[in-house]
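For reference, chains read A, B, C and D in written order, and residue numbers begin at 1 within each chain.
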């Protein structure tokens, strides 16, 4: 089935909070040209909870009408009513599937499996589902066994957005168990080098250089280990800087703006602001990166 | 300013998941006749996250059009966009204010105060806000000092739905600090007897006998301490049984059905089912209650 | 096997922080005379973490040398070294078993089972173990299935201190699964009336009137349902007041002092102080209790 | 006052669980020769909770008797009795101070400040205290303001082990507030490059190449920014791999063994085992590191 890179899209805003579709289109175009085999919208880093329902639908429709790669739509919500409503609109618009994160209150194995079963029932049979396993943010811990149960028992589940941390052994365990899921890894790519070697099918994350994601996945898939690590290591200082809880999105949008992909790094409130010092730190990292990876040189 | 009892309304459903407005009207009518001075809808126990936006709006409109007492609408949401949208509709429909619970991720004092400031900005100046302080469910702990800061710094905040546990000393502290908020207590009324004596302005909770809430508040407000406790103690076995996290709503709806106020105790999924044994236990508690408080006798 | 009441002992201190063994002996004597079939020391409410190792050992030795009923010793610790050291001393002193609560970091089913297996290995084969299931305090949620796995897989485990909340259905589930554990219930007895009816083998908790525990367990065990509930309901206002997280121990020690069982209600730091208002509220509850249950009248 | 590097020591064990003092001495000697200006023992990564009290004391005594740099001793405990007992022994043995992490139950600003005040009282006036600010592990979030209050109100507090994440802005804030604390940063050095530039006084962490810590601190302190980053970036792939919650200690001990500093990478139970694949990954990282930083070449 080959390897995949689903880039998670930021939602560009103007300084006044309006959605900047020109930047959105440019960002999407860039991701596809960089080799993205899929795109994900309305995730945590897409500021999904700050969008009104109509805006969310508009973004999904625009995206689906402009690209040929599969689109995954984040539909996580505190209740099944909103989840079902958005799922319906997304699938009608041509989405390939929806991504669902677990509510933070889940604790036991059975609670987790039951939640996904109920969610699948709520959104309707047959909708392809991506399970998001991100304990650091959601506080929900899914063992490989639980993920295997979900894959086996819940209709529609076909992909895992893996972002457990540490998570390498979990990939090995899932592969050893032959759990029939596509495994795309997240966590801002902080362990992408080894995740591929453990058997991941690719990445689904939002690092500001999608070229890094596609490059590492491609080199690793081709067995060119040292080259994959060389490329990865060149980006690691920035990857690490971007993968800071809460602040990360501000860093990402700032880099995308520096790259000329977004016109503004504005977020809707509540926004994590980037201090002047932090911007200078990112600038410094970008300079160093350009020396180590010429492909990452800014155009302006 | 006298004392208040805001009854939190359940949302009645048919077995097929549709909203049963006939039962809703009957329940509302009963609460008002029992002496409720206000009503709260779309709270946790109103199964708010299971409602689509249009349904939520319809319920608020119906309620506001049928009663003269003030209506508070729960607008808690994972993002400000949805919160603002529902607030707008609610205030347009005639609501007296909105209730906002903190997101579970808040930890520090400053985070909590900042959140309420941002929320107030997001929904627009001038909307009266009820702060919901319920650490057991939300995991957010607000000191009396933080509540005082919110009251002083955030425009619109006028009322506290107090359901900290233990919470008696907090009421005393808020009163000693002369924090300018109405304090209505929740927690299923489990400490209502002493909360009134500590200086609460009344109750805002959803116990299945609103008569108990208005009765205790009235007797306690009139200084008839022993009578207030006698009435309270008669209901305490059921109050305690209803105040079980997760299961509580099923108990409450079952009692409301046994009382003839709801036609069905159905919940929308995900629903906490009540076992046959639990139903028998509630039946037994109702029999005992009817002997201790003749006013609580079932009509059928 | 009959029914059991294990009273959890408070640790009496003088105002200067020293251990008051005279009060301790008096409290122990009272519990045994009230019908306790076992005693538990060094639990959360025994202020165990505030005791130095030598003090803990001294208390266990004193208790074991003075009573004939079985003694369970709380040995919960952040590491297995301290747990093993105290277990060894406790068993040498004549304890019947040890009680172990899970560390707050456990989440998945497997983590919980593994922890108990490792703990049992660490303290040495053959030591009888009481599993403490108290999600409200420890944040660890054990399903009935997990408890069944622990009972089946971990050597030594023979008893469950059940204090899940809500917890009635869990008792029914464990009984239906025929999990071979004694089930004694905690939670300050807040649901003891129905817990017995669901199949619990008795209580293990620290309510300040052990007579209530033995009375309800005896009446319920004899099938005298109404009488069991009458007795229970008389105490419920105080039971509820004592079962306040954090404050509860101060209430309990104050009542034990009012009853003449402790000379002082002093706690070691950090101590949850009882305000003058709270003391008056407890006094009022004691007066009302004495009218409803003459056996609960204070002697002085 | 210059800059500091306190290396956090692992506790070496034989395969049978006994403490390997020969390896311990070798590790200590290596750290001092690498330029450590202080040493920290009995931290989380020292497997402190797995040591019996007498063992902890023996380690502290041995260390203090063999080095001239200041020694900080971790004394975090679930109760003040054990904390006081270990503090007394540590200070008698010649320790420079003790490190205290907050209990995971703390939430509000006041709770945190109060806890440190009570801890300082409990261990006795005048003992120098290092505050450990590690939200990822302890779940307790201290704002810069709270740390300032602790520094101002609690006697003895002189140093902050900073390991908030993200944490760069907090360093800037503490420096802007002129909080009179030494700030040494942890988090396995994942942000040491920029932490120094933000005003940290150095590092206190346990990365397996103390030379990296002293090197980056020295270069950064001397204003040789690019060189500091070059050195840092060479190690970042391994730093990142070592900074995996739970697994990290196993990685660290394995590297220390590969470096010839420990005879065994054994941990006491419960131990996070390193899979064969993980060992190969670390081996691969070590090979790459040796090419990028010749000083990091293994001797055998």
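Simple rule for what comes next: contacts are C-beta pairs under 8 Å (C-beta built on N, C-alpha and C of every residue); 3 or more make two chains touch, one makes a residue touch a chain.
Just so we're clear, the structure is a prediction, and the values are computed from it rather than from any experiment.
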Labels of chains that are neighbours to chain C and to chain D: A, B
Comparison of B-D and A-B (more C-beta pairs in contact): A-B
Chain B on chain C, rotation in degrees - Cα superposition, rounded to nearest 5: 180
Same-site or different-site touching of chain A by its copy chain C, using the half cut: same
Whole-Å gap separating chain B and chain C, where each centre is the average of the chain's CA atoms: 33
Rounded Å distance between chain B and chain D, as computed from the means of their C-alpha atoms: 48
Inter-centroid spacing, chain B versus chain A (mean Cα positions, whole Å): 38
Touching two or more other chains - residues of chain B: none
Chain contact topology (line, ring, star, complete or other): complete
Interfacial residue positions of chain C with respect to chain B in the complex: 165-166, 168-169, 172, 190-191, 193-194, 197-198, 229, 232-233, 236-237, 240-241, 244-247, 275, 277-278, 281, 288
Chain B residues touching chain A - in the complex, by the definition given at the top: 48-53, 55, 77-82, 85, 104, 114-115, 118, 121-122, 268-270
Residues of chain D touching chain B in the complex: 107-111, 140-143, 145-146
